[in-house]
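You will see chain A twice below: alongside chain B first, and alongside chain C after that.
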Partner chain A sequence: MSLFRIFINQLEEDDEDMATSKKMITREEWEKKLNAVKLRKEDMNTLVMNFLVTEGYVEAAEKFQRESGTKPEIDLATITDRMAVKKAVQNGNVEDAIEKVNDLNPEILDTNPELFFHLQQQRLIELIRQGKTEEALEFAQEELAPRGEENQAFLEELEKTVALLVFDDASTCPVKELLDLSHRLKTASEVNAAILTSQSHEKDPKLPSLLKMLIWAQNQLDEKAVYPHIIDLSTGKLEDPSE
Partner chain B sequence: MPTTTSSSASSSSSVSCNNRQADVFSRLASSDPEVKLKALREVKNQIIGNRTKKLSFLKLGAIPAIASVLADADDSDKCNNILVQSAAAIGSFACGFEAGVQAVLDAGVFPHLLRLLTNPDEKVVDAGARSLRMIFQSNQAPKYDFLQEKNMEFLFSLLNSENENVSGLGASIIAHACGTSVEQRVLCEAGVLEKLVILLDGSLSQREACLESLATVLKNNPEAVSDFVGLESGRYFNSVTELTKDRYPRTRLLSCLCLVVIYNTSPSYFINMGTKSSLITTLLELLNDPGQSGDDAALGLSCLIAEKEDLQQLAYEADAIKNIVDILRTGSELQPRRLQGLFLSLAELCSKLEDCRCSFLSLQVLDLLTNALRHKDADVRAAACICFRNAARSVKSLSAGRFNSDHVMLPLVQLLHDPSSSVQVAVLGALSNIVLDFSSPKSSFIEYGGIKQLIELSKSMDPNARCSALRALRNLMFLADNKRKELFCSDVKAQGFACLISDPEPPVQEQALALLRNLVDGCISSIEFVFDEDGLILDTVGRQLRKAPQAQMAIQGMYVLTNVASGTELHKEAVMQQLFPQAKAGSENFMLKFLQSDESQLRSATVWTIINLISPSSPGAFDRHVKLRNAGIIPQLKNMVNDACLDVKIRIRTVLGQSMSFGDNY
Partner chain C sequence: MNKSNFIHKFHHSAKPHTMEDNEEEEESPTELNTITGLSGFVVISPDKLSLKYTGVSQHGHDVGVVQANKPAPCKRFAYYFEIYVKDAGVKGRVSIGFTTDSFRIARHPGWELNTCGYHGEDGLIYLGKRQGEAFGPTYTTGDTVGGGINYVSQEFFFTVNGTLVGTVSKYIKGPLFPTVAVHSQNEEVTVNFGQEKFAFDFKGYESSERNKQQIAIEKISIPSNMSLGLVKNYLLHYGYEDTHHALDLATNSTLPPINGAQENGIDDTSYALHERKILRQLIRKGEIDAALAKLRDSYPQLVQNDKSEVCFLLHCQKFIELVRIGALEEAVKYGRMELAKFIGLTTFQDILEDCFALLVYERPEESNVGYFLEETQREVVADTVNAAILSTKPKGKNQSHSHLETLLRQLTACCLELRSLNDGQGEAFSLNRLLRTNNWKRTKKTT
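And now, the complex of A and B:
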């Protein structure tokens, strides 16, 4: 983010007596400085494409490719497969997701014991959610107990999950967050990351890192100056310093 | 977990499970390809990630069944799905599961997998390549004859492939099957390095396969290292160094291990201190990785710093000791390989640097070590013993009596009975140092019956064990009082001891003689031991010395004679008998040879014997002096007045002084 580097440098060069007072920058001055910064369109397109690809928005990525001419960094066909897996987990069809991952690359689950355990754990949660108590117990004993024997951490997570069965009313259970749909998203995200890694693709999009950098840089700059902030990241609107 | 309901549920579930499993076999053998395909997918999806299922399907004979499906499927398009699924299933059985690899190889499916590599369908090729790679990552991978031309051609065709699974397979074969320096040379001459380095710029799995195979080809091979570093003026060497900062831990680890190999083979490429430091810090960071990378990092670190004081110093400054001890102290159970690597690293750190030893012992680590002595894995026990041995090189800590407690001594002594001979040798090494503790008159080692056990081990079939046991005894008898010596001598027959002195292995002879030297040192009554059974031991010593022995052995032998000659008139005469035996009147006296040796200690020891033989206070000194003079020994000494070694020079002056008192002139 050269924008902020430029500003920080400029502030250092200005007034020597900066140690005690903060520099005041009006909105006009600020906007003028912002306008002076040159960005390349291609860079922005790459960022957008990277986001669409990593998050798995295949059709959007294809359309964006057609409309902007930006080349995607990986084969869009592989995105479809990956998204099918992610969607299956998000819908609670974990067995289906596992089959799809194995079709995509059988090594992923064979070499990722933690991921495999979490997928099996999610299967157990889905069985419990559907009220299939006996099937859930069978499943826990046959598929998950051996994993728990191999690894202390897995055993603890398994015990937490099975605790769901002990409580008649799930809302009183201390581990009820396992039943949240957000837990499915967590598992889905884990699978997504593993597939991306196996395809040598970075598992995180660049855009969030840039936004984090923005917030950090504003915090740093706060110590030296008063200036218009971006508070709402989704709009990028500049808020006056006096507010 | 609820109990009563689950027990019936589990028995019915395992029965139904077995039924399902058995049923899948009939479907695998079906003539309907759809049914077969479904059965294959079922097996595959059950076993991937699930070691328990792999084992149970293996026991039911799934692998031969799937192998025959694979073998029977022809190469036509409609069989592609069957080829892919059966290959994937086979590959999963072989993934990280040694019994599976064995069964896969036994089922004869290897050539069929090879066939898949030339299939027009990319998915089939992928499946075949992956499965083969799993097999080659195992210790049981078939031997690959690199020396055969057509094998080399095949290997290079793999490396040249655009398909990353196939080129990765090529690299894997090299990484795991290349064993000898001849194979390394053949590969380098065929240009394998140029092919492998291309993979460094490829995908993640290609990079990792490349790094592993590079390490194998370069190991202990200076020519190969020089070729590699020379490629494009060091560009790829730099790439590997850069990869130690990669975001993926396994890549960082493999590149570090590659650099360790290069360093151990040709350290001159690492002139820059910064590279050495950052290599060490990267490995230290990787120690915290929970997976296999952490295990391998620990062993890699011990390998890197072994025997290298400068690197041990760098590691010490990078806080290695505290980091490793902290890891050992975390509650979680660590893999045996990691424990072994961590203890070996600590052992290497303590091997030469006193600061390291003190720093290590100050962290209250004895509990950690004694627990490790009881670990079920022999390599861990041995590594802990080596760690003990090196920490006990600290004289300061020995004198403080740190190792003399029952808490430490008991598990060590128990390991003397360990089923593994490498553990026995390692604990003997540790005990050899620990018994040199003079802080208290009481030795808990002796109280635990240690002497008897050492005597037993001195009769072991393993020469390393014999040698190490004798070394421990030697140290135990150093400056020992009569009571302690008696504990040994009462249990050892002269015949047995004589056997040790004439052991087929020279190191064993040396330690036996050194032990004897310590036994007869001290007061005159100790000397009697060599005269037991008609002077058998003294005779054996004499005989060994006359046999043109190695210098180290001769030194100890001469000191034995020195000590014996410090005794009574009878003792001195007995020594003369050994020096001048009747039967060998004509042959050159071995003492003359020893006096001309390059080893200053040997010259010194020989002169000491002479000093004791002709010390003027004893009645027969004059006659002995005459004999020595006539044998040319005193004249020889006169030639050595300006010996290069100060100690020898001083002793010779003593002898010549004694000589003069017998009326002999310069």
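And now, the complex of A and C:
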């Protein structure tokens, strides 16, 4: 490439920089903006209460209500019930969990065939885990197969689960992840979400979404400005603007 | 932290909700502009919501065109309005669109530079040129047509009879006026600026557009125990010791231990935790004398100067507590003794006057200074004392905010900056609005 060409390229690049030049915001200016932000303590308390309630920290939610006067958005007693269901699934007591859900509100499972199937599937998994092969087969045929006939996706899930029975050593089974504890947690969080929804409550706490929104907003602003970032969300440390 | 910050903090957190919310409110178009009539070829109805062509339609410069009385508000997600074609007249040359303040001639929106219009006769969109582009269906008598601006995607969108028919890049800057035009005999159109129900589900459109953005945001991943750590730090920062303890018990067994750096951070925030908790409890119970005594005992430096801000706020609160229980005489006495000395000090003047105003009302809780009597006020005073105690921490960085607050400030500032770099268009982040949206049960009083 000739020197002249390089020179031209350089010029073009410079031009491009000019066209997309970003607004520079110094740390001092940015801190001024940060200080001018109006935030209500009440709202932050509500955010924290929402986290405690949604995640099911009932004792903490009670204490927080007392210490800060923040009203929980749902009756705290329902958290205890919800957590009991969740815990039952986590411990593998699926039958118990189903009963508890129905005590809480029979509509939850009636209106949610997928959730009901997943709970039954989890129950099957637990039977297989305990080596109760006969019982597992019987349960699969009587309770799960009819549901599989109604729904192709359920049938596939069921076939996958029954495959666990075929392998003597479950660790060599291609669907061994069904036996993982994480699968219990997945089912538990599904039932947890369904109960919250039935209580007209969002299934996820607001706080994690806000943190994601912060990352998103910083990314968006990156395209237009250079300003101090927060990279480590756990400390909120403000980094100096680079570039 | 600079001490006057306490007052500053106190001040704006003590004010009732509405004041803050109003800042975001902009005026919206309500009727057709009859004052600076663009053309002499229309007659506008007395309610200023419909127009009828009165010209003879011989050329392109005798269009009956009218703007709304105000530009479309832009500090929001989107704006939308509708027209109903009552009569498409002889030729059906109705159009709907947006124009700027400088649009001053009897032409269809879309024909002139910096205007945009969707025309009924040919279904084309005109973007500042005499030639239109294929866009949507034609529309005529009995049709309801809508025009909107999506400030996030920077697009115009149009609807016919409740269905979205197309979007086009919003290439025009500055305030935009909803505009409607008629251009043949008997053509008559009515305008709906939201005073009637829209044919198009604008709210649904807005929330589905919002969801698109939300889905992009939810894809971002963050460490799973991040929220928990921030909540714990928040509880420690504000001295909610019992809550923190309960949360610790509930989570420590299930989560991996936090790394060293974070642990240090938490220890730091634990400074005088128990002291701060006790003081918060006292203030929340309205036991201000006890709180003052405790401060004199444990943090004399904060109350040494009896004109200090902490003293001022606590004395004010004591006064408020006396009003609350109806001990007005005692309140007056207390005011003379403890609050009179603050008169004339500019930093305190406003709060002091508002405080004294409580005495004027027979039912102070219903007055415009009634917020002093709400429970949140005690919380605000407790927070101020909490911050003051934290400021006595001998060494190490003095964190004036909880990490959570720092992040929320950064988020708000980023969103505001984004908007200002986008010609002031789009909505700002509001924690309060976010907390009240979606399918939450509204426990807030709806009175």
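Keep this in mind: the second predicted complex is superposed on the first by the 199 of 243 C-alpha atoms of A that agree within 3 Å, B and C clash if a C-alpha of one lies under 4 Å from a C-alpha of the other, contacts with A are read in each partner's own complex, and residues count from 1 in each chain.
Rule of thumb we're sticking to: a residue touches a chain if its C-beta (ideal position, glycine included) is under 8 Å from a C-beta of that chain, and two chains touch if they have at least 3 such contacts.
Note that this is a predicted model, so its numbers are computed, not measured.
Shared-chain residue A:27: touches no atom of chain B or chain C. More chain A residues lie in contact with C than with the other chain of the pair chain B and chain C. In the superposition on chain A, no contact is made by A:160 with either chain B or chain C.
In the superposition on chain A, A:87 makes contact with neither chain B nor chain C. Of the two partner chains placed around the shared chain by superposition, chain B and chain C are both touched by A:200.
Contact with chain B, but none with chain C, is seen for A:116 once the two complexes are overlaid on the shared chain.
In the superposed model, A:134 makes contact with chain B only, not with chain C.
Contacts of A:99 after superposition: chain B is touched, whereas chain C is not reached.
Contact with chain B, but none with chain C, is seen for A:152 once the two complexes are overlaid on the shared chain. With the contact threshold set out at the top, residues 199-200 of chain A are in contact with chain B in one structure and with chain C in the other. Residues of chain A touching chain C in their complex: 23, 25, 30, 33-35, 37-48, 50-52, 55, 57, 59-60, 62-64, 66-69, 71-74, 199-202, 205-218, 220-221, 224-225, 227, 230, 233-236, 238. Every residue of chain C that touches chain A in the complex is listed here, in rising order: 12-13, 17, 20, 214, 216-218, 220, 222-223, 226-231, 234-235, 238, 240-243, 245-247, 249-251, 261-262, 265, 277, 280-281, 284, 375-376, 378-380, 383, 401-418, 421, 429, 431-432, 434-435, 438-441, 443. Chain B contributes residues 1-2, 5-6, 9-10, 13-14, 17, 41, 44-45, 48-52, 88, 91-92, 95-96, 127, 130, 203-205, 248, 332-333 to its touches with chain A in the complex. Every residue of chain A that touches chain B in the complex is listed here, in rising order: 98-99, 102, 106-107, 109-113, 116, 134, 137-138, 140-143, 146, 150, 152-153, 162, 165, 197-200.
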